[in-house]
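Quick heads-up: structures coming right below.
Across the two complexes that follow, subunit A remains constant while its partner is subunit B and subsequently subunit C.
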Partner chain A sequence: MATIVDIKEEKALEVKNFEFTYAGADEPNIKKLTMPIAKHNITALIGPSGCGKTTLLRSFNRMHDLYPANRYSGEIIFKDRNILTKNEDLIKLRTQIGMIFQKPTAFPMSIFDNVAYGLRLQGVKNKTELQGRVKKALQDAAIWQEVKDRLGHDANGLSGGQQQRLCIARAIAVEPEVLLFDEPTSALDPISTAGIEELIVGLKERVSIIIVTHNMQQAARVSDYTGFMYLGELVELGRTEELFVTPKERLTEEYITGKFG
Partner chain B sequence: MNSLIDKVFANTTKLIAISVLLLVAWIFGVLFEHSLKSIEAFGFSFLTETKWAPNLEKFGALPAIYGSVVSTFLAMILAVPIAIGVAIFLSEIAHAKIKTPIGVSIELLAAIPSVIYGMWGLFYFVPIIRDIFGGVGISMLTAGVVLSIMILPFMAAVTRDAMNTTPDILKESAYALGGTKWDIIKDIIIPYAKAGIIGSFILALGRAIGETMAVTFVMGNVHKISTDLTQPATSIPVTLANEFAEADTELYFSSLFELSLLLLIISFTIISIAKFYFLRRKRIGQ
Partner chain C sequence: MTHTQKRVITSSIVMALSTLSAVIGIGFLLWILSILIINGVDALSTTIFLEEGAPPGNENGGLKHALIGQLMLVGYASVFGVPLGILAGTYLSEYGLKSKLSEIIRDISDIMMSAPSIVIGAFVYAIVVAPSGQFSGWAGSIALMIIMLPIILRTTDDMLQLVPSTLREAAFALGAPKYKVIIQVVYRGAKAGILTGVLLGVARVAGETAPLLFTSFNDNFLNTDMSQPMASLTVTMYNYATSPYEDWQKLGWAAAFILSMFILTLNVLGRLFLLKRKGK
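Then we have the complex of A and B:
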């Protein structure tokens, strides 16, 4: 059984006995996983490729439902309800649980329209309100100064790091309660990476954050809690400073000291 | 020794490639040479004259140009919305189980020789158009309908391919913001694939404007400009196909060549626009 540290904070999400099998696969990719996620903290998910960390992350906003024939069971509790049920409103869920991807994904539209996109989907039409909220989101994502004079320009003209911050602005503009980061800096240079990490840390006052990373230093730098996954199971969830210094499980220790990976 | 083989190989391929260009230039040259008589005789008025009277040695291309433009325009109006609908269905909505069979059948339809569309149009569509809209059935409208059916499979297939180039991660990003399938189609996929879609339309337009066999059967070859679409008409390729065999004077012969030169220039222009402005691949997220 997994070693799970006692979480004192309120919980943003709770995974209970979650099992996930991809379409066409015989073996489940995630096996009977149970894991709490602390509110207003950053939880990092680490583990070797294929351990199921990204699969788990994409379950929180039901991304898997975009593709047919994936099977899953168990519960993910969010705001006192199980979000894995059939009658869950996915459109609403995804405005409450936002996501940032491995690569910057600026939409084929202007910088302003990119950030306004989620707001418009929610029916915000008032121009002043849109302008105000777009500006606020861009400021919070620390990119306002760089783009304020060219909000009408094509967003694809921005650099990779700027685009990723734009994607963060786009995600926080709709004021989600949870943000999922799927290896958000894997396509970026070290300087852009540092900027994104600083930004993520700054966001946790407002949102609960889960970040999947293949980079253990990154997990150590930004997160409060770290979960180590291996072969579809959670091996250990602990406070980050403890997990990296005094891991309770032998498997965790072997992984963080680089014996396998 | 090896470098010599390389050199020979490189130069041979270069020669072959250049010969293709020479071939195009040659075609242009021949068409132009044979058109000279007509160009000298009529000058620019060839393009604006509405009379085509071989017995009077009077040749004006306007009815044929008008017919080409209008029949193609009709075909596009009918085919574009259906092609977009089919492409959206195939790329975003259809279940994997029916996606492949329908996709393959559409590609097969695109391979049907145009003469078959022509025959089918003559025996099937001409009576229908006659019954519904009046006239003799052989008409501009029938030509437009047959043309639209002919270009539809190609347009739908290429539009689907263009839509399929939208990266999954981009679509997922929009879904992750709370978008519906329809939001993603209209805000992400169509804008992303826009250039490819317009390019495919223009290529289809090029094909329609030069199409000969499918419309020769159903258009009528009547050199008259009429706004009544149920009237018979003609287009540049229809005129060429019908009249070359009976061109008994030099000027008649030369006028037909000038028509074909015109068609070549039009097709060339259309395809160049499609290639240079729309069908350049763009990439995202790097």
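Then we have the complex of A and C:
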């Protein structure tokens, strides 16, 4: 059984006995996983490739439902309800739980329209309100200074790091309660990576954050809690400073000391 | 002779042969185009655009009826064929993707693309012209639409599939419903490619004669009633060029020139859009 540290904060999400099997697979990719996620904290998910960390991340906003025949069971509790039920309103859920992807995903439209996209989906039409909220989101994503003079330009003209910050601006513009980051810096250079990490840490006052990363230093730098996953199971969830210094499980220790991975 | 020398010689022979073949191919194209341009430009005059068909020997004959007929035939075929093709392509790429039905539709469209167009003309003759008892503009447009459909459908399908799935996921992750993801994000990403498919599809049918012979037939005078036989540049060209009268043959050259320039322009525009897309 997994070693799970007692979380004192309020919980943003609670995974209970979650099992997930991809379409066509015989073996589940995630096995009976139970894990609490602390509110207004950063939880990092680490583990070797194929351990199920990205699969778990994409379960929080039901991304798997975009593809047919994936099977899952168990519960993920968010705001006192199980979001895995059939009658969950996915459109509303995804405005409350936002996501940033591995590769920047700027839409083929202007910088302004990119950030305004989620707001417009929610029916914000008032021009002044749109402009205000787009500006605020770009400021919060630390990219306003770089783009304020060219909001009408095609977003694909921005650099990779800028596009990723634009995507963060787009995600926080709709004021979600949880943000999911799926290896957000693996396609970026070290300077852009540092910028994004700083940004993520700054965001936790307003949103609860879960970040999947292949980079253990990154997990150690940004997160408050770290979960180590292996072969579809949560091996250990602990305070980051404790997990990396005094892991309770032998597997965790072997992984963070580089004995496998 | 060493091994290297042998390879150099083989390489030179192959290169010479392929260059020669290319020159022969392009040579014929230039030959056709130059004769077309010399005779076509010579036959051009303002009368051609202003006057309808006239009996042989009458200096005032023009192609107005054929030009307008052509535009109407191709126009109506496009009005119905383009949206249908784009929507069907959207189904394949966004909804059906790997289902059995989509695979079957893809295979059938590929076969339809290479079907001789005269077969499609005969088909429309059987289902539209024969039951209604007369040739009509509608029958011509339907035949052209059937030829256009698989081209637009397959290009749309291909172009939409080139849009990275992460872009779709990003839109879904912001809480967008599927139809908005398709219209606002996927279409935008594939805009240039779809437009190219549409232009190439229209250009392809604009040059068709065979399917029109059985369907819209011909009319030597201006007719804008789609339920009646209708003139087209291609059929007019065929009739005039094979006639024994010199002034009709001249009009045939003019029709050939105008049509070729129209199709060339559509093709060049199509390629330009594609280049612009790739250049990004």
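Simple rule for what comes next: the second predicted complex is superposed on the first by the 261 of 261 C-alpha atoms of A that agree within 3 Å, B and C clash if a C-alpha of one lies under 4 Å from a C-alpha of the other, contacts with A are read in each partner's own complex, and residues count from 1 in each chain.
Following the convention adopted for this analysis, a residue touches a chain if its C-beta (ideal position, glycine included) is under 8 Å from a C-beta of that chain, and two chains touch if they have at least 3 such contacts.
Treat the numbers as computed from the prediction; the structure is a model and nothing was measured.
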item: Simultaneous placement of subunit C and subunit B on subunit A, clash or fit; value: clash
item: Partner chain in contact with A:Arg94 - subunit B first, subunit C second, else both or neither; value: both
item: Which superposed partner A:Gly160 touches (first subunit B, second subunit C, both, neither); value: first
item: First, second, both or neither for A:Trp144, with subunit B first and subunit C second; value: neither
item: Contacts of A:Tyr22 with subunit B and subunit C, given as first, second, both or neither; value: neither
item: Set of subunit A residues, in rising order, touched by both subunit B and subunit C; value: 61, 63, 66, 91-92, 94-95, 98-99, 101-103, 105, 107-109, 117-118, 121-122, 156, 167, 170-171, 174
item: Footprint of subunit C on subunit A - complex, ascending; value: 61, 63, 66, 90-95, 98-99, 101-103, 105, 107-109, 117-118, 121-122, 156, 167, 170-171, 174
item: Complex contacts: residues of subunit B adjacent to subunit A; value: 95-96, 167, 169-180, 183, 187-188, 191-192, 194, 284-286
item: Partner subunit B, residues of subunit A touching it in the complex; value: 61, 63, 66, 68, 91-92, 94-95, 98-99, 101-109, 117-118, 121-122, 156, 160, 163, 167, 170-171, 174, 187
item: Subunit A-touching residues of subunit C, taken from the complex the two chains share; value: 164, 166-177, 180, 184-185, 188-189, 191, 280
